[in-house]
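In what comes next, chain A is part of two complexes: it sits with chain B in the first one and with chain C in the second one.
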Partner chain A sequence: MNNEEYNILAQRQHSKYFMRFLNVLPSSLSSHDTTRVTIAYFSVSGLDVLGSLSSISIELRNRIIDWIYRLQVQPDKETGDMSACGFQGSSTVNIDFNADNKLYRCGHLAMTYTGLCILLTLGDDLSRVNRKAIIEGVKALQTEEGNFSATLSGCESDMRFVYCAACISYMLNDWSGFNIKRATDYIMKSIAYDYGIAQFPELESHGGTTFCALATLSLTNQLDQLTEEQIEGLKRWLLLRQIDGFQGRPNKPVDTCYSFWVGASLKILNSLQLSNYASNRSYVYETQDIVVGGFSKWPDTCTDPMHTYLGLAGLSLIGESGLLEIVPTLNITKRAHDHLKSLHEQWANES
Partner chain B sequence: MHGRIKVRTSEEEKAKKEKERQEKLKIFKHAMAKIQNKRKLGELDKEQLDVTGQVLSSNPDIYTLWNIRREILIEFRKQLPEEEITKLYDAELSLTEYCLKINPKSYCAWHQREWVLTTRSDPDWKKEVALCNTYLKLDERNFHTWDYRRFVVSQCKYSLQEEFDYTTEKLLDNFSNYSAWHYRSKMLLDLYPDKEGGRPIQDSYYKHELKMVLSAAFTDPDDTSAWFYQRWLLGAVKTVTKIVVSTVTPSKTTVAFNHTVPLKYVKENVQIFFNNVNVVGEWFSCVQKQNDDVWILKHDQCVNDDLNIKVEHCINGAEKETLVLSTYKPSYYVGKNIICFQNKYSTTVLAELNEQLDACRQLLEMEPDNKWTLLTTAFFLYCVDAKTYNKEIDKILQSLIGIDKQRAGYYCDLKSKWSIEKEIHDNYDKMDLEMKVAVKNLTCLPRLQYYSFCENVDLSHQNLNENVLPSLIKLQHCKKLNLSYNKITTLRKFPLFQLEELDLKGNDIDNSDIEELKNKYKNIKIIL
Partner chain C sequence: MSDCDDNDAGWIFYKDRPDWSDVKPVPEDDGPTPVVVIAHSEKFEDVYDYFRAVLQNDEKSERALELTKDAVELNAANYTVWQYRRELLKALGTDLRSELDYVESVIRLSPKNYQVWHHRRVLVEWLQDPSHELDLTEEALLQDPKNYHAWQHRQWAMKTFGLYDTEIEFVDSLLTEDVRNNSAWNQRYFVHNNYTGWSDINVQKEISYTLEKIKFVKNNESAWNYLRGVLIHDKRGLNGNGLVTSFCEELYRNRCRSPFLLAFIIDACEDAIKKNEADGCHNAIRAIELCDALATKYDKIREKYWKYLSNRFQKYKSENGDNHSV
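Moving on, here comes the complex of A and B:
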């Protein structure tokens, strides 16, 4: 059942939906146990975009903040080595919350990124963040090609983690762990023949990775490295992803989350207004569930936190009333971003 | 989080599910605790392999467990005989296969497989290729599989030709296979490069590919893939860096290029001469970026009447072009270059383009409303002879705005761009210091650097909104700017440059924005 005709945002239901996830993860998402921080990020930032952050009591807010800090990986007690520093995604691997338990404690770029977003959104002043250590942890993860791995203990390296590393550096206002020239080279080499951007040079272009690449170029102030031809080609490729909602790649079905990934990419290129807001909006609303709350990738499928948050973010980008403005590069509200800017000023005054 | 269909459950079923879940939870917690404990004690043994295997079978995405398994296998390799290690590697591959059945997009599982194959001394690459084939039959768009295939092919030096034939097979099966086109494009470049340069591939194969694309297009004109591929085949032509116009006045000296260039390029390849003496100074981008198309030279030389001004440009560090500036009015020197927006195609390519045009026209007769055919036809007409075909191109773009509403904004912008180019083509050399365009309904301002020399700019009665404001900074010598009767609603992004007069009549702008602008610009005259 759906408010198809009226396309009204079911704000209360979505707020309740996010609040439920902040309390417990359902079994259908058990494969995300190791990435619980990202689920928390969708929920907290989601509540922020809805203007419903006040649903989180002060007590819960503090509990969440403390939980995130417990997941921070500190420098090695004996050697002072910081290469594993960052934030973990959950306590799955070190079930006892003993911060000394260093077996397999290493940060994960996506968790560090989303963890910091949560702290900022909840108004934390990041004073308990070991900034220097986190940046050293980022530095340890950049490859020769300019690419980034997510974590020290070994995994694939691709555009998603270049993006996370850029966001972390931007948020902590410290680029010493991120070689901008190498990363920019990597991005430029990953532009495909159709001007979309792929995970890796030579790979197929994809809406999600195009966002990661463009947001990185924007955060590092390197957007002007793109030639006019590349910008026009990118715009064209992105705009042609719109069917009613957006798809991630040619000939694939549309999916609510791409209203953010592709929408934000267009926004960064100052071209979102060239897309059709009405049909985009209409599709996203088709995936809204007003009974359970949340948004799903397709109509009549189960909702989940990621599609809910990205559906809302996608709507915010096209100016949906009732939603706060978001900053497309970091994917947090402008309100949270302003708080970040004030912290930057504070840090500058302290040094 | 992959599309799961909603299913209704009764109370009884709910209770049963709950009990099952509790059981699963107990087992999971028990297993994780055991893994933790063994890790702590440094027990790298078969039991650990068993337990981690159990957990991964239901949840393949726990990175750490795969890492632990690698640790164990590395340790075992030091201790166990070759035979046993081989069995273990095989078991590892089986486990990843099992996990990929659950989640064919699991990054960890693919990565583990890659690790096993690069670690063991006897990798069976043929088996891996067969695995890819199987998975691609199930989901031909799974990019993980395509990427893995590339890795396998690169490792075993599989014949590129065989791979190429594989894509032909996949495409003949289903032309919609965008991933296959993409993969194919990479191999084409490696297999049949055009050694003379200018195009990506050799002539004979080129023609063959174009024919293949045409078949795809006739089979299903609505399919994106073929059209993108075709554009790529015909599109790759190098553009030459050229100076468009250079302007020297007592207040400013500027050089505008046909596309953005980096600071290093300008410093090394451009020199300005006043009466045959090189002007020494520092170059600045008009927007303070590393790459720009309008560059300002800050220098100490006095600019008065009676100067002989020359600009020398070493094109891409090789051939030289010289621009001689003429006096447009006292102490105001402008030098315009010969303008050409057309890519110079060879006769062979032009012949192909015309052939393709004919095919497009045939398609249009059968399906007059097909957006791909329309857009491609317009693009080809533009490439072959934009001047002669401009009316037909305009008509096509106009109909596209009606047919493909999703991209109406894009087509309006494209129309604006090509109209401005025609305008520049027709009138550029005759222009004096005033920019006034005959084109109507402009939604964007492309090629603005061409007008950087103008003192008066008239952009009134168009469809411009505030998104064009930042680019106005390219009008470096503009003193009077007319933006009346447009769709501007805010001046938030208005750039700072030396304007004397700004006409904003007929726009819907907040008073506060106007006041703020008056404060930023002390001496500006704003007409409302």
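Moving on, here comes the complex of A and C:
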């Protein structure tokens, strides 16, 4: 359906949609119990992209900031060990432990990344972030292979957490916990025969992991490690993902979130302008719920905060009016990124 | 994963269980300013209040092991529950075979959950027994042939324990079922990379196989990508394999205008140019024609991309003299 009437951003509804998620969620979302910070990130950054950050009152802003800081895992009081530091995704296991089992309370890279995004977006000065500890926490999670585990407490390691670790290091302006060479080797090994990039070496190329890899190479200034052949191959692979919207893998259905993952990857390679904006835009709008707000992955299916945020971020990448500009690597607005830059300057002057 | 109803028959809250009366539940402390609050069911809260209690007490008992099952059922994505469960299995010396069966049943319910597959992998590592992994992943893949988690686990098990023998038949059956299954094509590549190798004979065999599949469905990106991937191992490059070249030319002559065919010919032209073959300009001219055809007719959605490629060839042509005419 290309009905023009529906190709209009339901800005007010989306703002309300995010505000609801910041408040209370139904029990059907219990499986998101340990990752509530990511829902807060989609909502806060989503409101920012919509230019609706003012919907968040000062009181709510402070509540969110305080809530995030409560999830920060501090260095071990006795030993000073920082390997578990970072942010937790919720207070599910935000309890005191004794020495034997204290590693159950540990940061999670995706939560640290999105937690920092929230703080920046809300204009916090990160003064309560224990930067050194967080970086030590990142360092503890890099594996032999060069990728990162999500947490110390028994988790898988793959390209997603390479990306999160890179974002955290970039935001805290400290790369001492991130071995760039090893991570770059890992990324290079994960480039597949079709030039897309996989979660793990030899797995199938995927739009989401290609984004994680390219954003990491960009944040670490390693894009020049890609050969011309690889760059041209990546452009082709990414552009072939466009059907009307974008799919994540060849011969898979289109999904709203790839308008961001693939769109941002192309933007990082300065090639988004080679895609077809009009078709992309129409598809994303087909997945918009204009009554209660939100976007879904497919038309006429259930909306969720992730697809809503990524739908908006995808539209922002192609210059949709009424939306703030997105920085494709960090996936926050340019406005929030400017704030980060001013903090970096401030830290440089302090040291 | 959906929440379980509070009213499942016979369910007794932990707080009402006499055999748990010695444990003081630990409610979640979300601080004075909670946001993004999930309105959990009473059952969820009860189970997790007791989970926090055993975790904090570091209780290593059979009842704690049972409790983690309830916690998993309510949220299989809670990695702390799984990690604690593993600690319990070690401490209690539980039969890991029955644990394999248990996690298999959870995988059936949540086949796209990272934590369950991670748990499975740790168990297989502990047991050093991968004998069920091919069957388990096969079952998951029959349900969803593109399940990334299942493929990742399968590749891990195959690589770690060398389980390559029958994989090519499995891949073949998936491709017979759906020739557009990109995951299966990727797995085919994986098998050759790690097991069969890329001898000249094998490269030639794979090319024949792929061309047969392309003949069957010409507009299939996965097969064309695979062809290109196989040709990485052919020293003659994209444009030097006679079988491939004549196959493409015949398709073209028979009026096939699949964008993937045209793109392949363009890349073969580029390959020839890069190798400084004598008729560089001729190749550039042909590539430009094909790019223009794609941009204006056969792949209009990527119009800008094909024009961009066309310009690159134009540049080559003007830098290298275009006195050859077609």
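The criterion applied here is as follows: the second predicted complex is superposed on the first by the 336 of 351 C-alpha atoms of A that agree within 3 Å, B and C clash if a C-alpha of one lies under 4 Å from a C-alpha of the other, contacts with A are read in each partner's own complex, and residues count from 1 in each chain.
As a convention for this text, a contact is a pair of C-beta atoms (placed from the backbone, for glycine too) under 8 Å apart; a residue touches a chain by one contact, two chains touch by 3 or more.
All of these numbers come straight from a predicted model, not from anything done at the bench.
Student: Mind checking the superposed model to see whether chain B and chain C fit together on chain A or clash?
Tutor: On the shared chain A, the partners clash.
Student: Mind working out whether A:192 is in touch with chain B, chain C, both or neither, as first, second, both or neither?
Tutor: So A:192 meets both chain B and chain C here.
Student: Contact-wise, after the overlay, does A:279 reach chain B, chain C, both or neither (first, second, both, neither)?
Tutor: both
Student: Based on the superposed arrangement, let me know which partner A:270 touches: chain B (first), chain C (second), both, or neither?
Tutor: first
Student: With both complexes overlaid on chain A, does A:23 touch chain B (first), chain C (second), both or neither?
Tutor: Only chain C is touched by A:23; chain B is not.
Student: So in the superposed three-chain picture, is A:43 touching just chain B, just chain C, both, or none of them (first/second/both/neither)?
Tutor: second
Student: Between chain B (first) and chain C (second), which does A:351 come into contact with in this model arrangement: first, second, both, or neither?
Tutor: neither
Student: Could you say whether A:66 touches chain B, chain C, both of them, or neither, answering first, second, both or neither?
Tutor: A:66 sits against chain C, while chain B stays out of touch.
Student: Is A:306 touching the first partner chain B, the second partner chain C, both, or neither of them?
Tutor: After superposing on A, A:306 lies in contact with chain B but is clear of chain C.
Student: A:57 contacts which: chain B (first), chain C (second), both, neither?
Tutor: Neither partner.
Student: So the two structures are superposed on chain A. Out of 2-10, 92-100, 272-280 or 290-298, which stretch of chain B collides with chain C?
Tutor: In the superposed model, chain B runs into chain C at 92-100.
Student: Shared contact residues on chain A, chain B side and chain C side combined as an intersection?
Tutor: 27-35, 92-95, 104, 151, 153-156, 192-194, 199-200, 202-206, 235-236, 239-240, 242-244, 249-252, 273-276, 279
Student: Please name which positions on chain B make contact with chain A in the complex.
Tutor: On the chain B side, the touching residues are 1-6, 21, 24, 32-33, 36, 39-40, 59-64, 67-68, 70, 103, 107-108, 110-111, 141, 143, 146-147, 150, 176, 178-179, 182-183, 185-186, 223-225, 228, 231-232, 239, 259-260, 287, 289-292, 405-410, 413, 465, 467.
Student: Which residues, counting only chain A, touch chain C once they are in their complex?
Tutor: Where chain A meets chain C, its residues are 21-37, 39-40, 43, 60, 62-64, 66-67, 70, 90-98, 100-101, 104, 150-151, 153-156, 192-194, 199-200, 202-206, 235-236, 239-240, 242-244, 249-252, 273-276, 279.
Student: Give every residue of chain C touching chain A within the complex, in rising order.
Tutor: Per the stated touch rule, the residues are 1-3, 26, 28-41, 44, 48, 52, 55-56, 58, 74-80, 82-84, 86, 114-115, 117-118, 122, 146, 148, 151-152, 155, 180-183, 186, 189-190, 193-194, 220-222, 225-226, 228-229, 232, 263, 301-305, 308.
Student: List the residues on chain A that touch chain B in their complex, please.
Tutor: Those residues of chain A that touch chain B are 27-35, 92-95, 103-104, 108, 151, 153-156, 192-194, 199-200, 202-206, 224-225, 227-229, 235-236, 239-240, 242-244, 249-252, 270, 273-276, 279, 296-298, 300-302, 304, 306-307.
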